[in-house]
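Each of the next two complexes has subunit A plus one other chain: subunit B in the first, subunit C in the second.
Moving on to the complex of A and B:
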């Protein structure tokens, strides 16, 4: 017993001594500048093939180009949000990127307390009261851009991504009837996707019929968090409306719509990220996804901050700055893509980049039963 | 003992007695300490072996473990680390006391996760409904009470099932965890969700006068008053266990349920009561976490406290004072993990691995002791002392 203990002790002693000798070399990261970038993801993992991963990838690409130090914190649960942000603040990080709506309040609070640090909140439209504190009544009476001039909320022009998805949907439809199902019609981002989808589909085929449905009128769980309900609802929708493509804009409820599409032998289109990677169970019928290019958005934002060209407030990402797009057309389904599809997509994307293509109606973000 | 000792001089006898007393009193502390030490050694070996996989490190970087542990310590010693240690320890101590109480009664409560979450729902419900209209002097105690009551209700169910039908609490608490996870999901995205939000999210407790006061630190490094509750709970549970009839009955039922029943104790009532108190403690853990560090929750909110509390209770050998220290230790490890990752490049998940390894060593020891006891019962070991010696050997 004592023999074993002695061996263990001497092992530890060796480790400590060796560590004391080399710890200075082990901790220093190669760095060409004094800039330090910290990323706090949402709960989960940093290789989730969605916002966590792409935000980190974007920040890392920017850091590499700038020769900056980068580190990531992955909260184990919500009790880590504030503490993880604060640990970067205490370590004198210059730019702190936080990922997703759930970290919104923690980010705003930290930005208010640390006016000299840049904060980048991915997929958040900062809503503050007149003092610059987070406003949970969503009255948003304060002007975030002036109250918190170093807080940038990254937002996307979803209608452009929806437009591109609409072109693909119209191209692969044989019946000329396609469908889109959203969560609730009060969410501007969801509505923008769907308005863009309609216009995009009509641009490819003026005679296309786009059937629209909503999972719920107000129940957020049914709308965005219930794939089982999503599948039941969508199965009915597909049968009644006779659509042969379904575009889902409803988070995990929408993934149920993709399952329903697969079961019905029709095609599905994913949303936000390349769902071919995030929702493999629908791979056999998923043709593409309307994508937010989170990585490019974070990369550009961080680079702009380093180059001192960034401004606080909402930063909009669209085709012009490579912020939205469509996922690679899947070769894994039975679909044969029309030969003119790629050309139409390229033309539309080019027109969006030059700002000449309207992808959203006048009431952009407000659904009025089109 | 006294026979052969009479030939020894009195001084030597006294010295021997003192050594025996020290060994006896050190043994319950020694076992967890050795488990922690061995876990650190295994962790160090793990870091060294896998160092090549980490960015910026060579294969078998023998200095990395020390760098990692030093960074972990440094992280704990920082202002953020000290306050975070207290904040993270709060639910671990509270829920750990509940699990430990269960162990004393011979009950294995794995339902901490569900009880914690249901307690969170209770506190959030108070914050959402009465919060804005009342001062924090009313809302905070009310929300804590609701958290405790919801947690107790969640613990009552498996206790009641065991008392009435004999359904094993391990099975029912694991299954009920899922029930409460989904109840919580529903509550957050439905009735507790902010009406104007485009995505489901609850109110911020600060805006509803339901945030726990900050006892020291500043707004950016807050130590919340929950730790006072946890510190107060330690002597309360200790007195309950060792100075009340109920505590005696709980310990008797745990040591030998048949004898307890034969002695006239209502063991079914004890089971229900113990599980309810365990649930109450976990519910309180959920409420203090919500009203302290978390503040606002979105669907998918979950916790590892329920399971970590089992480690805490085992490491503290179900003794309230032991649980206090093991809760602080696990809280500190979590508080320092981020600094370790940032400064030494070793993933923060290492602390989860260390916790798991500690647990493995503790369980191995418990198993060893149990096997020894069985062997002693069969008469293959001559004395109880030899059994204790074997248990001590098992430690090393």
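Moving on to the complex of A and C:
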């Protein structure tokens, strides 16, 4: 009896803890502006050294410049997305920034219900039905830009950043077998990184083998917020697939992949931000990072809304407007970069800027088990 | 030769099982390493539970104790490496001064948190479930908040203890090489866990301390009549057990990874409690249960990385990840329901001991 009770209580306690962790902190702003900006991050933390953190940094920089009030909410799990957005709506916020593909549906629903509030959805290409409601069938029959004129979806061409990372990976690999691990294969941004990585690696070495794995097939915390799991998973991935470079596309779970790469004595490639700066413990084996300039994108978008120059719909960031790129090649590892590497990177980047280099397959953003 | 396995695989349903066995056997080496690593914190949490509950104190605050230790170990490592520099790691396990200081601080904090639980549970006679819950919620809240304060500077930690590298000749031994490799390819905390399991098993059933502990957990009044100070013994066990939970926490932030993350224990303390129950409150049993639970992670990881070909791969692809995570709890419920033998808690488990007043 006591045993059964104990399990019940343990589960109860786990739920309570999870609930207790949904937190928010306010940064007061100088008076003079009535603008209120709310940021709803994805699960994890606002100091995850990658996506959540840089989106918030971008919004904060815009808020500081505008003299606006800014506040952030970190959902404890996916079921809190709508609740946390709604709390900003209830508190009369003017601009609500939501971070990540996973918040897409909740953001679209909120944008439809609150046509007077600006919504900025990072990593979301709004897909709506003719009534303006989120469309899970991905038919996207409605025109989001006219149905929801105050919803801006910030999109990056991650495949370009992944392509550049792929060139570096193929160049430093000695075995000719490299790996990439993503969070979940349903996230178009993650998939674009990895599709670009494959093409970039193949462009440098046509015989390269790229092994792909996914941390999870549904659990968001496991996929993006659990570095301990990321380390064990990636250690097994490296051994089982025999790769000598690992590209992580999985937030802080992926940082565990970088740890595993260091422990196994192989090279790692970071994602979203220059992880050489944000994840120093992997510096000894990190060669570069596939970057997207989330902070600048959010900053520009929020500033444009405040300046009344913003338009609804998709706002694209790519190599042409310095929205994506790669971090400086690290000098901290033992790697000797092939002499032709820098030239190939420069050529590829220039071709991307002029729009002449295809970096994504036809089904861009949809993983079909390549 | 190949004809027979192929014929077996072609059988309906049963063939799928043969395929699964074949798949597991061919990937056993990879899975076992993950299994042993994942089992370490679960085992340490379970051992903490065994030590407490065998002496009659329920401790569901293990999760919080681990989390507090993981945070303090990491932050002390950060501070120490800023003060003294990281220094050159020793060849064995990559030991540095900041790492050792962090580990010592983690253990100390684990014992202090457990002392709080002991005081609430034994002296104040608070409901022990409530006391443990307070520790869990408090640790999650406080470490989460403090982490937010320091994390924005992305501080460099003290790094982590290195793994022991099993020599190639040993790892390549036929039949047993993979097993030796899986068990020994670990850092100092992982390796000492195995030693602690064996030591605790012997001490609990073969030493004076063990006998007294079990007496206090089964029938404290009888123990007191033969001169055992039940209160003191319970205090000592609970505080010592905190060091074990703390090792589990330190493993997370200083051996497996080299940093702290909010809620990084992710339920491992609770799965440890489940392992304790399935292992029938014995150290060896708990270790076995932890390995069993962890093997679900090993298998699911392998299925994610290189799914088997054919129908089996199709079938396994449809198993949701949550199934593997829920498996430990399902097994625990099955065991508690008495389907596989019976698992009975110490008789005085969770009951505060009241000394008979001298009238």
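Keep this in mind: the second predicted complex is superposed on the first by the 201 of 370 C-alpha atoms of A that agree within 3 Å, B and C clash if a C-alpha of one lies under 4 Å from a C-alpha of the other, contacts with A are read in each partner's own complex, and residues count from 1 in each chain.
Operating definition for what follows: a contact is a pair of C-beta atoms (placed from the backbone, for glycine too) under 8 Å apart; a residue touches a chain by one contact, two chains touch by 3 or more.
Values in this document were obtained by computation on a predicted structure and should not be read as measured data.
Student: Which of the two partners, first being subunit B and second being subunit C, lies in contact with A:186: first, second, both, or neither?
Tutor: Only subunit B is touched by A:186; subunit C is not.
Student: With the two complexes superposed on chain A, say which partner A:332 touches: subunit B (first), subunit C (second), both, or neither.
Tutor: In the superposition, A:332 touches no partner, neither subunit B nor subunit C.
Student: Looking at A:241, would you say it contacts subunit B, subunit C, both, or neither? Reply first, second, both or neither.
Tutor: After superposing on A, A:241 lies in contact with subunit C but is clear of subunit B.
Student: Regarding the shared-chain residue A:363, is it in contact with subunit B (first), subunit C (second), both, or neither?
Tutor: Once the two structures are laid over each other on A, A:363 reaches no partner at all.
Student: When the two structures are overlaid on chain A, which partner does A:219 contact: first (subunit B), second (subunit C), both, or neither?
Tutor: In the superposition, A:219 touches subunit B and subunit C alike.
Student: Look at A:113 in the shared chain and tell me whether it touches subunit B only, subunit C only, both, or neither; answer first, second, both or neither.
Tutor: Only subunit B; A:113 stays clear of subunit C.
Student: Would you sort A:354 into first (subunit B), second (subunit C), both or neither based on which partner it touches?
Tutor: Once the two structures are laid over each other on A, A:354 reaches no partner at all.
Student: Answer with first, second, both or neither: which of subunit B and subunit C does A:91 touch in the superposed model?
Tutor: After superposing on A, A:91 lies in contact with subunit B but is clear of subunit C.
Student: Can you give me the overlap between the subunit B contact set and the subunit C contact set on subunit A?
Tutor: Common interface on subunit A, subunit B vs subunit C: 2, 4-5, 11-12, 14, 16, 18, 20-21, 23, 25, 219, 221, 225.
Student: Which part of subunit A faces subunit B closely enough to touch in the complex?
Tutor: Where subunit A meets subunit B, its residues are 1-2, 4-5, 8, 11-12, 14-16, 18-23, 25-27, 29-30, 38, 43, 71, 73-74, 76-84, 86-91, 101-102, 105, 110, 113-114, 134, 136-138, 184, 186-189, 219-221, 224-225.
Student: What residues of subunit B sit close enough to touch subunit A in their complex?
Tutor: Per the touch definition, subunit B meets subunit A at residues 37-38, 40-41, 44, 48, 56-57, 61-67, 69-71, 75, 78-80, 84, 87-88, 185-186, 189-190, 193-194, 196-201, 203-204, 207, 219-221, 289, 293-304, 334-335, 338-339, 341-345, 348, 393, 396.
Student: Can you list the residues on subunit A that touch subunit C in the complex?
Tutor: 2-7, 9-14, 16-18, 20-21, 23, 25, 45-47, 49, 53, 213-219, 221-222, 225-229, 231-233, 235-237, 239-241, 252, 255-256, 259, 263, 277-281
Student: Touching residues of subunit C toward subunit A in the complex: what are they?
Tutor: Those residues of subunit C that touch subunit A are 27, 30-31, 33-34, 37-38, 58, 60, 63, 129, 132-133, 136-137, 140-141, 144-145, 147-148, 151-152, 154, 156-157, 159-160, 162-163, 252, 256-259, 261-264, 266-267, 270, 273-274, 277, 297-298, 301-302, 304-306, 320-322, 325, 329, 332-333, 336, 343, 345, 349-350.
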